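Two complexes, one shared chain (subunit A), two partners (subunit B, subunit C).
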Partner chain A sequence: MAEKPEDLNLPTSVITRIIKEALPDGVIMSKESRAAISKAASVFVLYCTSCANNFAMQQKRKTLKDVDVYAALEDMEFENFIPLLKEQVENFKREQKGKKVASEKRKKAKEANANSPTDGSPNKPETDVEMKSIDEVDTSAHDSIVIDD
Partner chain B sequence: MEIKSPKQGSAISGLPLSRVKIIMKSSPDVDHISPDALQAMSKATEMFVSYLSMKAHDHANKRSIEYKNLADVVNNDDVFGFLQEVIPHKITVREYWKLRNSQQRSEDESSDDQGSGDG
Partner chain C sequence: MSEEVTDSEVKESLNENSETVPEDTESGEAEKTEKLTRLPLARIRTLIKADQDVTIASQESVFLIAKATEIFVQTMAKEIYRVTQGQKRKTVYKKDFDSVVEMMDEYAFLEGAID
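Coming up: the complex of A and B.
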């Protein structure tokens, strides 16, 4: 892969926010420490990925799954993360499933509306069903897109 | 210690998944990453950042956290062993030169050995 070195850093703003949320109010962390934690987070991802990939290879799988990440965390002695993490990932899965159902519905509606044989490419703009599909997407999109002020 | 994580369903987004994915893919032998795994890794990283911050806070005085506190945590806790080279203790220039000289001396010795082997 031809990534730039700076692509391997995580955005400082997000890291700073996570740190701020973790610490009690009024406690400040030096800029230097924040930079170090950001770097540590990148290394954590790399290390954890490498451990997880070992598990995937042991199972003769080519795709990294969430179970590999749990196994890696256990291996790294961060097993106290796992219960909460599983909960969050399950939530995410449910959300994804909801989206999938919505998109299948949309596809069916599309098929019913347009009897064109050139169906199957979801990115293809189809003007006559556009209104309908937007309506249906809207219901699922409300869950995930929340505007922050 | 209680692990905090960003509030669920909050409008504030977490780490950018695309960035996390780039880092994961920079690891050799990683081909495909399922969306679940990506999500898990991103959330785990957020927890890790929280956890490390809280640990550093334990080592620090009440109001502010300095680099030294972080280095203390990393170098005293085995769980953070993989970070020892990322967050080392700071050393003075004098200590650095001492270290460098001693390393150079040992390198010279080893190259001397090689040189005599060649000749």
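Coming up: the complex of A and C.
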């Protein structure tokens, strides 16, 4: 699997912004130190993933879940991250739910529009026509159908 | 490793982060116009998939790893700066980063990973 080095890097602009906001004003980061932190972040993702996946595999699960990430962070001695993460994940779940509800609403609205008669859907007019023709036929068939004993 | 910030990278990170904003307002919940995470989830997912032992990762776990990475960057930057300050400097150098990796257990996993 050929992996371009760019794909494994996180956007420099974002990393720089995060660092800048963490440090007081006036601090200068050398290019090398910034690059080192950026690379460290990528390694962190890989290491965290690996640890988390070990927990998932231990529990015979194929899907990496949130509990695995928490367990990994504890293992990595970053357990102090966990309370803040748990808070943030609630917001994330709410946002995902909101998106799901919104898209389901949109789907239902589309379906409702498709079924409404205002579009002149073929169903009703056809039955009207049929009934008319039956009425017409009745009068004429009345004579021909009647079979008297 | 490309250290240059290309325009496309900046646009990409901005686009991927701002994607969540319009959808928030669409769903009617305009409470959070802040992004939940600045690191693009798609890129994080690429990194996770690089691990061949990983079959599938839940959306939540991808988010958690992204967020944890953000906190990691903040935390590590602060630790590194402490070393810089200790040497009465205002400019952070690579050697300050190296010191942190050497001295602090939590960062030992980075030993040898960054040249």
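Everything that follows uses one rule, which is that the second predicted complex is superposed on the first by the 112 of 149 C-alpha atoms of A that agree within 3 Å, B and C clash if a C-alpha of one lies under 4 Å from a C-alpha of the other, contacts with A are read in each partner's own complex, and residues count from 1 in each chain.
Keep in mind that, in the parts below, a contact is a pair of C-beta atoms (placed from the backbone, for glycine too) under 8 Å apart; a residue touches a chain by one contact, two chains touch by 3 or more.
Note that the structure is predicted; figures quoted are calculated from it, not measured.
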| So, on subunit A, is it clash or fit between subunit B and subunit C? | clash
| Which superposed partner A:Leu73 touches (first subunit B, second subunit C, both, neither) | both
| said: Looking at A:Gln88 after the superposition, I want to know if it touches subunit B, subunit C, both of them or none. Which is it: first, second, both, neither? | reply: both
| For A:Thr12, is the partner it touches subunit B (first), subunit C (second), both, or none of the two (neither)? | second
| request: Determine, under the contact definition given at the top, whether A:Ala22 touches first (subunit B), second (subunit C), both, or neither. | output: both
| said: With both complexes superposed on chain A, which partner does A:Lys99 reach: first (subunit B), second (subunit C), both or neither? | reply: second
| task | Check the residue A:Ser33 against both partner chains and state whether it touches subunit B (first), subunit C (second), both, or neither. | result | both
| message | Per the contact definition in the header, classify A:Tyr47: touching subunit B only (first), subunit C only (second), both, or neither. | response | both
| message | Counting contacts the way the document defines them, which residues of subunit A are shared by the two interfaces, the one with subunit B and the one with subunit C? | response | 1, 3, 7-8, 10-11, 14-15, 17-19, 21-23, 26-30, 32-33, 36-37, 39-50, 52-53, 57, 62-66, 68-70, 73, 76-78, 81, 84-85, 88-89, 91-93, 96
| query | Okay, in this complex, where on subunit A does subunit C touch? | reply | 1, 3, 5-19, 21-23, 26-33, 35-37, 39-50, 52-53, 57, 62-66, 68-70, 73, 76-78, 81, 84-85, 88-89, 91-96, 98-99, 101-102
| For the subunit C and subunit A complex, residues of the former touching the latter | 1-5, 9-10, 12-13, 20, 23-24, 26-29, 32, 36-40, 43-44, 46-48, 50-61, 63-65, 67-78, 80-81, 84, 90-94, 96-97, 105-107, 109-110, 113-114
| message | Under the stated contact criterion, what part of subunit A meets subunit B in this complex? | response | 1, 3, 7-8, 10-11, 14-15, 17-19, 21-24, 26-30, 32-33, 36-37, 39-50, 52-53, 57, 62-66, 68-70, 73, 76-78, 80-81, 84-85, 88-89, 91-93, 96, 146-148
| task | Enumerate the contact residues on subunit B facing subunit A in the complex. | result | 1, 3-6, 8, 11-16, 19-20, 22-27, 29-37, 39-41, 43-54, 56-57, 62-67, 69-70, 74, 78-79, 82-83, 86-87
